[in-house]
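Going by the order they are written in, the chains are A, B and C; count residues from 1 in each one.
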Amino acid sequence: MKVLQVQYEMRLTFDAPVTDHYFQFRCLPMEDDAQTVETIQVAVEPACAVHERIDGFGNRMFYGEILEPHDSLCVRMDARVRVERNSNRCSLEKCRMRPVSIETPSTGIAGNLEPESEPVCSDTAEIAQYPLADSPAGEVPWIVYAYPSELTRPDKEMKEWLDDIRKDYDSTCGFLEYLMHRLYQKLSYVQGQTHVGTTAAEAFALSGGVCQDYAHVFAAMCRMAGFPARYVAGMAVGEGATHAWTEVWQDGAWAAYDPTHDCMADDRYIKLSHGRDFIDCSVDRGSFFGAGGQEQTVYVKVAETSTLPDMP
Amino acid sequence: MGIISLERADHLYWIGRYTERVFTTLVTFFDFYDQMIDMDLNAYQDYCKMVAIPDIYGDSGTFSKRYLFDKYDPNSVYSNLERAYDNAIVVRDEISSYTLAYIQLALDHLQAASGSAAPHYDLQQVIDDLHAFWGCVDDRIDDEEARNIMKCGKYLERLDLYIRLGYPDRDIERGYSKFVNRLDKVHLKYHEECRGKLDEIIGFGRVKEHRDEAVAAVWNFF
Amino acid sequence: MLLDLVDHKESINRLLARYGVKFGIYKNYVFHEQLFPFDPIPRVITQKEFDYLNRGLSQRVQALNCFLTDVYSERKIVKDGVIPADFIYSSKGYLPQCEGITPPKKIYSHISGIDLVQGRDGDWYILEDNLRIPSGASYPMIARDLTRQAAPEAFTRRHVLDNRNYASMLRQTMDYVNTGGINVVLTPGRYNAAFFEHSYLAERSGAVLCMPQDLAVEDNKLYYRSYEGRKMQVGAVYRRISDEYLDPLCFLPESLIGVPGLMNVYASGNVAVINAPGNGVADDKGIYYFVPHMIRYYLGEEAILKNAPTYLAFYEKDRSFILEHLNRLVVKDVSEAGGYGVVFGSNLSAGEFQKLADAIKAEPRRFIAQEVIDFVDLMIVDGNKQVPRKADLRAFVLAGEETRVWPSGLTRFSRNPDSFVVNSSQGGGFKDTWVLSH
């Protein structure tokens, strides 16, 4: 078990003022059996009304708009999260919805977890039922994760490679572990040669990319091998950018694999959202009206605040 | 319903402009056509200059055909009428199918007249359709603001053509006062200095001397 | 019979031209509009027959609405093994973004266009369900109005139910789910194949015709914005834009025609979207096979109207049957629409035949095969003669406070004597559909 101090900050600046700016963020730590959010603060600048809801995949998101001319948008999230990913297994998230206060400069500093805006769905019992979160342990989860998606559709080369891996597999470790290990050897971490819209097949052909590409390729491979798999957007201990990994449905629960680092995602990882691929659960999405250029910076910092020994 | 979006205001305005362009052009065209029958075969060249369209025609016969009927000539009467239709169909719910049908009829009649040996005679039908169209606008469009926006377009276009084609001051003055009358009833944003300029030039009856300035003020009005 | 109408063919056509009764088509990427060929001889349906169709179609649409509610919430029909998960979750029309969203009044398919044909045996067969944005109702509606002008005497003693009530049915459908505010018809724009219909239905139903840029989200509500800065709340959007272009924040990020944030407003219950996003999962050609099962599952009834005998290549037994009898079946690619991707086994060359068989073996989920139904011909006027042609019927089923069938429909016919394909995009024409009042 670890308690992590988490910070996410996105700053978008424009050369010339823009208007009709719509934004949507999935940058809040997911609340599930593995993660408990102890405190959280979110600030949006410039000031505007913000609404929250749970998307079709079970992710928390908040959204709003700034219609007046403005030349920047800044979103910052600070949270303390207790993480307990049991033996590398995250079990079923319940999609608990807790209203979070969104702080904007005009309202001053908001208290922690005091609902200022109504949660979109006030009936929490109903929320716990729907989205996709999952079905009872042991049953195959929401099966949409068993199929290829826009960015994870495998091609012939990927299929052939997987066939070879299956032949080589010698049962000394779990198959998915082996698959991840071989993939790690095959791909190299290269920045700049792929972009947010790169498909798994393209990244595979290039034999490399960034964490998003690793997570896509691994998810595609798992699905081909018969394991439902989902893309996870999140952050890991350290400083820099957001991270991505893959959860695979295995023996009645989701197991979190980090193919970029060839290891299981453990208590040093903070999960934000999941989906079939990046498009489903992008951390930020927006549209605006304006002519000039834009620059976006994202800063992420995750630090351990305390580590308690595991209880027997 | 009394609420008109930006997009829709734009379409209403341009229906006014394009239908009026077709209407006044046809009426004026007949004067030039009359000259070209046996007096001044090249009268069309002056015409092109006045309305500032490229003379791509070469001779009066080609001009009479292409300028009236050619779908591929963006300056032709036909093209302008088509644009009127394109703007009108997207506000069908505002102006009604019944009103819209008169633009469709005008298009069909214009097309049917192409190749006619007596265009003046055959095109009277198109002019009739446009008269009927504006009659319907008054009778069938409930929203006064929508009607006024259309008329702003109509009278600004008329003013533009009158100035360019050298209509008498009296006509221009009357056209301008009709335009201003509608303009003050709607909420369209316009350039005050253009209005000031036109007040001055038209008010003092100096259009002949300041033709280019007047044309520019109309052009930059909205 | 009905010669009085044939005599008035010319004047009816003149009126149709006057009112611009057209549809658009892209040829070599250039948009053209052409008059929709109209045949003056209507399809006539007796009251008794219509009662039967009404019951069968309402039942079908009710079950389809139950199915959509279930798919996007509890998924009981999958858990109970009635429909294999594959047919739902690998369908292009299934949108996980719509999971957990409850549309106002729980209606997904407000306006359903169900295509059927009448076999020579007199029985009706359902060919396909269109639950996304079925078009066509405006054509028989305006054709009726104009035919009554051109040939009033044809109606004096025939007791034909007035079909111009489609406008008020549509309005009631919108009003029923409206969450507070005006009704709008959202069109992608002037250069859409069905633009005539968008503008005509808006006019007749009293909704405001609007383009995406006329609408804007503000504080989790949808507004129609005026040119001088006022705004009016929108309570129901009859959108004629397909799902993936509706909202660039939710679906295709590169879509330029959508309304950013619309899906959030919809998910929050602050606007009704007609038809609901995500309906494509229920009108998939693969799901078609299961509709009679759905009717049994949700309503506990037997289907009143029959499906055309259909085989799913997905099931091994069906697949071998299809491959064995390919020469007499019609094969449909489930991912295509508008009459495309439909192949008659009997028309194939040996090479094409083999290619199709291979494709079915390689991707069985993609294909269904149906027996070719020998459906009745309707007479059409061709010059001075009358000739028989294949025709289908698109019935419109509106779901509001109750589910009911519009007493008319779009009868489409093939102008080619050898063809079964009636789609307007492939040169077909249309007829009015008369339902008699007794």
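The rule we apply is simple: contacts are C-beta pairs under 8 Å (C-beta built on N, C-alpha and C of every residue); 3 or more make two chains touch, one makes a residue touch a chain.
Small disclaimer: the values here were computed from a predicted structure and weren't measured.
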Determine, using the mean of C-alpha atoms as each chain's centre, which chain is farthest from subunit B. A
Middle chain, criterion being Cα centroid separation: C
At what distance in angstrom does the C-alpha mean of subunit C lie from that of subunit A? 38
I'd like to verify one number: the distance from the centre of subunit A to the centre of subunit B, where each centre is the average of its C-alpha atoms, in whole angstrom. 58
What residues in subunit C touch two or more of the other chains? none
Which part of subunit B faces subunit C closely enough to touch in the complex? 1, 3-10, 86, 89-93, 96-97, 100-101, 104-105, 108, 187-188
Footprint of subunit C on subunit A - complex, ascending: 20, 22, 24, 49, 51, 53-57, 63, 65, 67, 120, 127, 129-132, 143-144, 146-147, 275-276, 279-280, 285-287
Sites on subunit C touched by subunit B in the complex: 17-20, 142, 182, 185, 189-190, 195-196, 199-200, 202-203, 206-211, 213-214, 224-228, 230-232
What does subunit C use to touch subunit A in their complex? 73-74, 78, 85, 89-90, 94-101, 216-220, 248-249, 253, 260-261, 264, 267-268
